[in-house]
Amino acid sequence: MIPLQSADVLPQWTALAPALALATTALVLFVIDSIDPDSMDSGLLAGVSTIGALASAGISGWFLVAGTGMSRTGGAIELFGGQLVVDGMALFFMFVFASVLALVTVASYDYLEGQPHQAEYYSLMLLATTGMALMASANSLATAFVSLELASLPSFALVAFLKNNRGSVEAGLKYFLIGALSSSVFVYGISLVYAATGRLQLAAIADVIASGEALDPGVLGVGILMIVGGVAYKTASVPFHFWAPEAYEGAPAPVSGFLSSASKAAGFVLAFRIFTVAFPLDVITGVAVDWGVAFTALAVLTMTLGNFAAATQDTVKRMLAYSSIGHAGYALIGLAVLSGAADQSFALGASMMHLLVYGFMNTGAFLFVALAEYWGVGRTFEDYNGLATQAPIACTAMTVFLFSLAGLPIGGGFWSKYFLLVAATGASAWLLAAALIVNSALSLFYYSRVVKAMWIEEPDGSFEVSSYPTGLYAAVITAGVMTFLLLVGFGPVSATATDAAAMLF
Amino acid sequence: MAVPAEYYLVLSAGLFCVGLFGILTRRNALIFLMSVELMLNAANINLVAFSFQWGNLTGQVFSLFTMALAAAEVAVGIGIILVLYRNFEDLDVTKATTMRW
Amino acid sequence: MAGETFTAYALVPAIAALPFAAFLVSLLFGRYMPKGGALAGIFAMGGSLAISIATLLTVAGILPGDPAYHETIWQFATGIDTFDLHLGVYIDPLSALMLVIVSLISFLVFVFSLGYMNDEGETGLARYYASLSLFSFSMLAFVFADNILMAFMFFELVGLCSFLLIGFWFREDAPPSAAKKAFLVTRFGDFFFLIGVVGIFATFGTGLFANVTRDGSTVQSFPALAEQMMNGQTPAMASDMLDIVGMSPQAWITVLGLLVLGGVVGKSAQFPLHTWLPDAMEGPTPVSALIHAATMVAAGVYLVARMYGFYALSPTALAIIALTGGFTALFAASMGVVKQEIKQVLAYSTISQYGYIMLALGSGGYVAGVFHLTTHAVFKALLFLGAGSVIIAMHHNENMWDMGGLKDKMPVTYYAFLSGSLALAGIVPFSGFWSKDEVLFEALIHGAGGNPLFLVAWAMGLLAVFFTGFYTFRMVLLTFHGEPRTETAEDPHGVRWNVKFPLAVLGILAATVGFINMAPIAKLTNLHIDFLHTWLGGSELVAEEFGTGLHHYEVLLEEVAGVSAAYPIGGEVTTMLASAAVSLGLALAGAGLAWSLYSGPEPVEHTNKLGGVKTLLMHNYYQDEYQVWLARDVTLPLSRAADRFDQGIIDGIVNGVSSVSLLSGDRVRRIQTGVVSNYAALLTLGLTILLVVFGLVGGWF
Amino acid sequence: MLVELLIVTALLSSVLVMLAPDEYAGQFAAALSLVPVAASLWMYSVFDGSGNALLAGSQPAFETVAEWITLGAYTINWHVGLDGVSMPLIVLTTVLTTLAIISAWTPIDERQSQFYGLVLFMEAALIGVFAALDFFLWFVFWEAVLVPMYLLIGVWGGPRRKYAAIKFFVYTNVASLVMFVGFFALVFGLGDSISSLGLPAIAQALNAGELGSLAGIDPPMLKLLAFIAMFGGFAVKVPVVPFHTWLPDAHVEAPTPVSVLLAGVLLKMGTYALLRFNFTMLADVARANAEIIAIFAVVSIIYGALLALAQQDLKRIVAYSSISSMGYVILGLVAFTPHGLGGATFQMISHGLISGLMFMAVGVIYNETHTRMIGDMSGMADRMPVTAGVFVAAAFGYMGLPLMSGFAAEVLVFLGSFQSEVIQAAPLFTSIAMFGIVIVAGYLLRAMQKTLFGPFRLETDYEIGRAPFQDIAPLIVLLLLVIALGVAPDLFYKMIQDSIAPMVELGELGGGA
């Protein structure tokens, strides 16, 4: 296969096109806003954002199919002196971010009806996604930190977007404070690693450590653990998860979906790359710290805390927030089992697949909540009683999301969850497997509570669904169809993710 | 080389801890923000010091990025603190507890 | 053999198929048919009777054909690398005789039912005749079964039919309860039977009663294989089984025999599983006749006779059969003495009489057993039908103390009933005398031949003769003699031909059927008039090829089981005559006592003279009570305890796990206090723990 | 492609019925469900498979293989095919689904189109479970069954339906996960010796002794642990005491047609999986621990029957008796004799029909009386003679009356297990198990006597009449099937024997471990 980014076809920098598309769209939105600052024309803004997002998703998908940056076309494309890298994993995650963004922007069209500052909303979202896309291709701790902040700072503002809503503001505050603290921990960790190795580029760090030139292993070790903390914050893993329940609950529901799917995935892609490239297990173990053990502990704690806390929630959105923490725990399995895995690329690939599927099903679930909020349905489980009698199609989609989240074969979540279990079994990580089983049982319980409310309980007649917002419906149904299609057509996803992951080893 | 590199580490660690202490003990959102700035600067000390130690400029350049980002962070932070004050009529971060459990 | 010339055997499957067709017709269309489907049953049974007689004649050599016949008619379950299961027909003298008995009695019962059910205006006639046809079908198929699995299957179906018929009047409380009891008690016996069947198949790989030719090769029967096993030529499969159970061939055969006996004891109402039978009187009286004379109860002992070659290998099993029989004969007869309802007396007499058959079979009297089975079928059917006639007359009042003086009002019934009673009591020359006498004689000589257990059983059987004579004539006297004691008895309901005809036929037979085997006369005169003996001896084909002949059994009894005869009183003839004289004397003594107590025009109750014994007898020795206690006060509480255990402990654990999870979930989420400073603190704490733990492990400090 | 046709037809029917108006949904669903019935019967008539689909030298019928998804080093194939074990189960599934749909016409009176749609969806998944020959494909269907079942119990069930549905849902899902881990421990232990997750490949590799160690667990131990995990997982589905407590709740709360499918087909998934996994792949472990498994079986039989004796609710009685009946299957399987394995498989079919029949009969009575408590009614035979007749026939079928399928199945199981050389003291275990036939008679006769017979007594404010024909018809059809199979077990038993015969010797030489 001829590499797409070879001299004859496209210049090298075009490999970053998915990220560039997002950045450009953000700028276009600024231009639109500056032309007509008081515009409430959400159609234009949402349309432009969606086009940008779809373009980005399309390009990354095209590149993935064409094999850009994959080993079969000549390997990863390094840009800017190796500060950024575009490979299969980067493109895979760019596709995830852009798809989630597209869903969210479409849904926001209805959700933001009548809200001021829509242009800011969409451009912040685009910028955050740009940051995430860069996180996916960050190849140095410096670009990692910068792109992480680029993703984070707009997110803070997005969470607090409903500035007259106490919940939204409180969520923004907590997210911001914990985020600031975590990023200072992260950057301090980077500084310690730099202190120990004198390098910021990922591969170079590994070389220094491997050559034995690194300074005190303690400094390096503390640095690595603090970087663990940094990514744990971004992925909403224990003990850096505290912001998540409030941020997801308080934020506008499309933002919650966006953050809990895309932002989390961004944290993971960063972690995958940093830990497999800068601190490969065969190099780091014995020198400083076996981060596999750390991630095992975090994975078990995260999934357990997330699921157990979700089990007894009263409001659907907060339940989804905690479940999102639980899923972070699942995705961490990919990292945690690397040390013992029989097939490392499959283990990491399983996490990647999970994040992709999660992008659709979790965003879909939050968007359904957005739909409910749009209708003025209450927040608690009881408020959802009998919703299916009024909105059967949306409720069917929500059922698909929930059961897919629970790992039933009605959506792609089935494959990714069981692939993670396969990975855990393959690495003989019995603790992780057992934790996954227990938590999965619990998750089945609380997800089905929503299904029960929607389908089984009688409606109490307290609300009437009056309108069917096109944008929200389109987004929810698209997510539902995608989730379902991923069940049937999981083959390419699985193959791509495994191939992409294989490049890191 | 007058001062051993380890001393910088101790200094930065001390600064980091001061910042952390501030975060843990103070309730005012602005002081919270300042403490975070202290912690970021602790990282900067390391970066600058060890840049010199390792003989490359990467660390120093990166510290410039950090400062810029710190500024951006403050900008966003102040915005959020403003709306916090509007909604809760207080800068006390422990007052905003409508969501929990 | 088959296909060359047409023989009656080709029609044998129709003996069972006809009643089955009648079952379907009655079930589906009975309610639209005249007589509620009775005619279908009558015609079917008539056909079966005709074919049965033709079969009998063929076996006897009067009609063309071999004297025995086997055919596999249905492959049931095919196994790979293991034995197959099939259904087949086996006709030899024993089954041919039994087919005639069963189809004859069934036929007469159908006819009688016209009088008992149709004329009395019962509802549900279609159901009645359908069940009755199914009953006949099951029993006939059971009789000609060629293997023990098939026998078991139809044995069970017989149980079903008895359930349906005993519970025929389901709108009342008692009949369904009695039906349930009958099925449950016999099911308990069948439990052992089933183990036996399975054990036989697992040991021998076949359940065939007779050595047969299939697909050109000879397949040996399980009794034959067992015989080889006793001779040390254990087939591979059987020796595997012996290894599994860790027993000697002798012991294992005994165990298997006794297990099968469990089913026999249940169905033939032997102690201790006899309790269902008196309750089964809740069913319509013609059904009682069928159950007691020719079908269900007879099935048990017929099975023993059918696989006699197997029992003859185990002296222990034989002794247990004999003792069970002897004890049951006495035990049941004693209870019959105090009953007030005519059908109750007959019920206990049935139990008692089947005890005799068991006694005969157990003590090596194969012919005697089959003989008594035959005579009993006739006279007991007669007595029940007679009782039925009385019950019609009495407007369904069964209490004998409300009867009296029916002799003159219903002479046909009376004389027929009297014939049956004389046979039951064993008064010469009625049929019961000949057979009962032979039973006791066989028990005596084989007991004297070195088996004291047989003697014990014989003694009990002998004593029972006295009781039999007593209760029989007490019944006759109270029912037919004296003055009518109620208004109904003064003006009884008349009966029609359809009642009288079966009574007449059976009455004549009850008097005469004993002549087929007058052993004492034969011995005395040296005439070969012990036809049944000759009949069961069978031809060479039966004896040698199929291995179910009498002579083969006798050899086995003597050589393997060690049952031998001795004549305590002089020679054979004198012993036989003495035995006959004693039993006749006792029967007459019993009858005489009854006469002296109840003969007057106004007989009074004498049972109070028995004192405490009366209570004991009226309560049937508290057999019901302990079985009910076992069911109601042991099993039910046990099941309730299991239920509580299940709900409380096992399900409690399941629910407990979920409660604990949810509770801990509720605790976990309390960490999220909502105060952001706490979050920062916890976050720091978490990071610190991580650093400290890894620092200590990594040796950084 | 016929298997695919079956599945796709059922799925399409499901979608179509969901879109149909409620009034016609029942009839429409019944009509559509006749297509799989006809197709499966036709497949049965042209069935030409031989051998056991999982073992060497076999030729499954209607087999298709297509690559689907890669899972690391393994391929997940779309691989379906039928052998003598799965063919009868598929016929059972299609027939029982149609009958259940018809029997739902009367009791289901709201949201019909959703109800029938879910039933048809479940049918598709069930067919998949029995036809799949690839582990993950099988697992997809296995888990897919849970979704419609959860909703069917949850939406249309009785008063405690939510509790029952969630209990069923979570309990069986946990079991699947445990089983899953056990299975994949084996897959990874097999290492490079397999390249796909095809069940035949795995079974053959395991039986060829290709299993290596995994994470320091040597092969025998690995096998044992995997066996325990898989047995535990399937034991919940079967269910085997003490993992049974979800079943009575699920049955009591489920609407009758759902109970029919739950008892008739869903429980068979567990025993089918046991046969395919534990007793084919890990036959040597099963042999080595035959007594323990036999104890589970016997305890299920006797304990389940005892529990049934204590119940007042007709459905609960049948539910507990199902536990008891499924114990026979386990006993037959572990015997490793031709009749044991064959009888166990036959019992799956037989129990599927008979328990379906029993539940339907209970349902018909409930439709008229709106109670299932045996204390509440008496003499129902007076008002509902045909129903009562069928009920009696069904009950006797359940008790193992000869010439009905239950007898053939039980006797074959007993014959097989009695002579088992695998189980120590096999005759003893078998004899204890046989006592189940006495207890079953005890509780069913008691139930019949109290509800059907005696003077009619039931307090209702309306006249209780005969059941409508549409309620009775499926009962009659089932009864005829039960009798047909009881008279001619060879209809299925021949192909079953053909498929289980290769299993008899499995694991005899220790499987090379």
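The letters A, B, C and D name the chains in turn, as written, and every chain counts its residues from 1.
Keep this in mind: a contact is a pair of C-beta atoms (placed from the backbone, for glycine too) under 8 Å apart; a residue touches a chain by one contact, two chains touch by 3 or more.
In this text, all values refer to a predicted model and were calculated from it rather than measured experimentally.
Asks: Weigh C-D against A-C on C-beta contact pairs and write down the one with more.
Replies: The greater number of contacts lies at C-D.
Asks: When the centre of a chain is set as the mean of its C-alpha atoms, what distance in Å lies between subunit C and subunit D?
Replies: Going by mean C-alpha positions, subunit C sits 37 Å from subunit D.
Asks: Any idea how many Å lie between the Cα centroids of subunit A and subunit C?
Replies: 77
Asks: How many angstrom lie between the centres of subunit A and subunit B, each centre taken as the mean Cα position?
Replies: Averaging C-alpha atoms per chain gives centres 26 Å apart.
Asks: Starting from the mean Cα coordinates of subunit B and subunit D, work out the distance between those two points in Å.
Replies: 64
Asks: List, in ascending order, every residue of subunit B touching at least 2 other chains.
Replies: In subunit B, the residues touching two or more other chains are 23, 93, 96-101.
Asks: Note the residues in subunit D that touch 2 or more other chains, in rising order.
Replies: Counting only residues that touch two or more other chains, subunit D contributes 170.
Asks: Give me the residues of subunit C that touch two or more other chains.
Replies: Only 658, 669, 672, 674, 676, 680 qualify.
Asks: Let me know each pair of chains that touch one another.
Replies: A-B, A-C, A-D, B-C, C-D
Asks: Under the touch definition given earlier, write down the residues of subunit B that touch subunit C in their complex.
Replies: 20, 23-24, 27, 93-94, 96-101
Asks: Can you list the residues on subunit C that touch subunit A in the complex?
Replies: Listed in rising order, the residues are 658, 661-662, 664-666, 668-669, 671-672, 674, 676, 679-680, 682-683, 685-687, 690-691, 694-695, 698, 700-701.
Asks: Quick check: in the complex, which residue numbers of subunit D touch subunit A?
Replies: Residues 67-73, 136, 139-141, 143-144, 146-147, 150-151, 154-155, 161-162, 165-166, 169-170, 173-174, 177-178, 180-181, 184-185, 188, 214-215, 217.
Asks: Quick one: in the complex, what on subunit B touches subunit A?
Replies: That would be residues 5, 9, 12, 16, 19, 23, 29, 32-33, 36, 39-40, 42-47, 49-51, 53-56, 58-59, 61-62, 65-66, 69, 72-73, 76-77, 79-81, 83-84, 86-88, 93, 96-101 of subunit B.
Asks: Using the touch definition from the top, list the residues of subunit C that touch subunit D in their complex.
Replies: It comes out as residues 74-82, 85, 149, 152-154, 156-157, 160, 164, 167, 170-173, 175-177, 179-180, 183-184, 187-188, 190-191, 194-195, 197-199, 201-203, 237, 240-241, 244-245, 631, 635-636, 638-640, 642-643, 646, 650-651, 654, 658.
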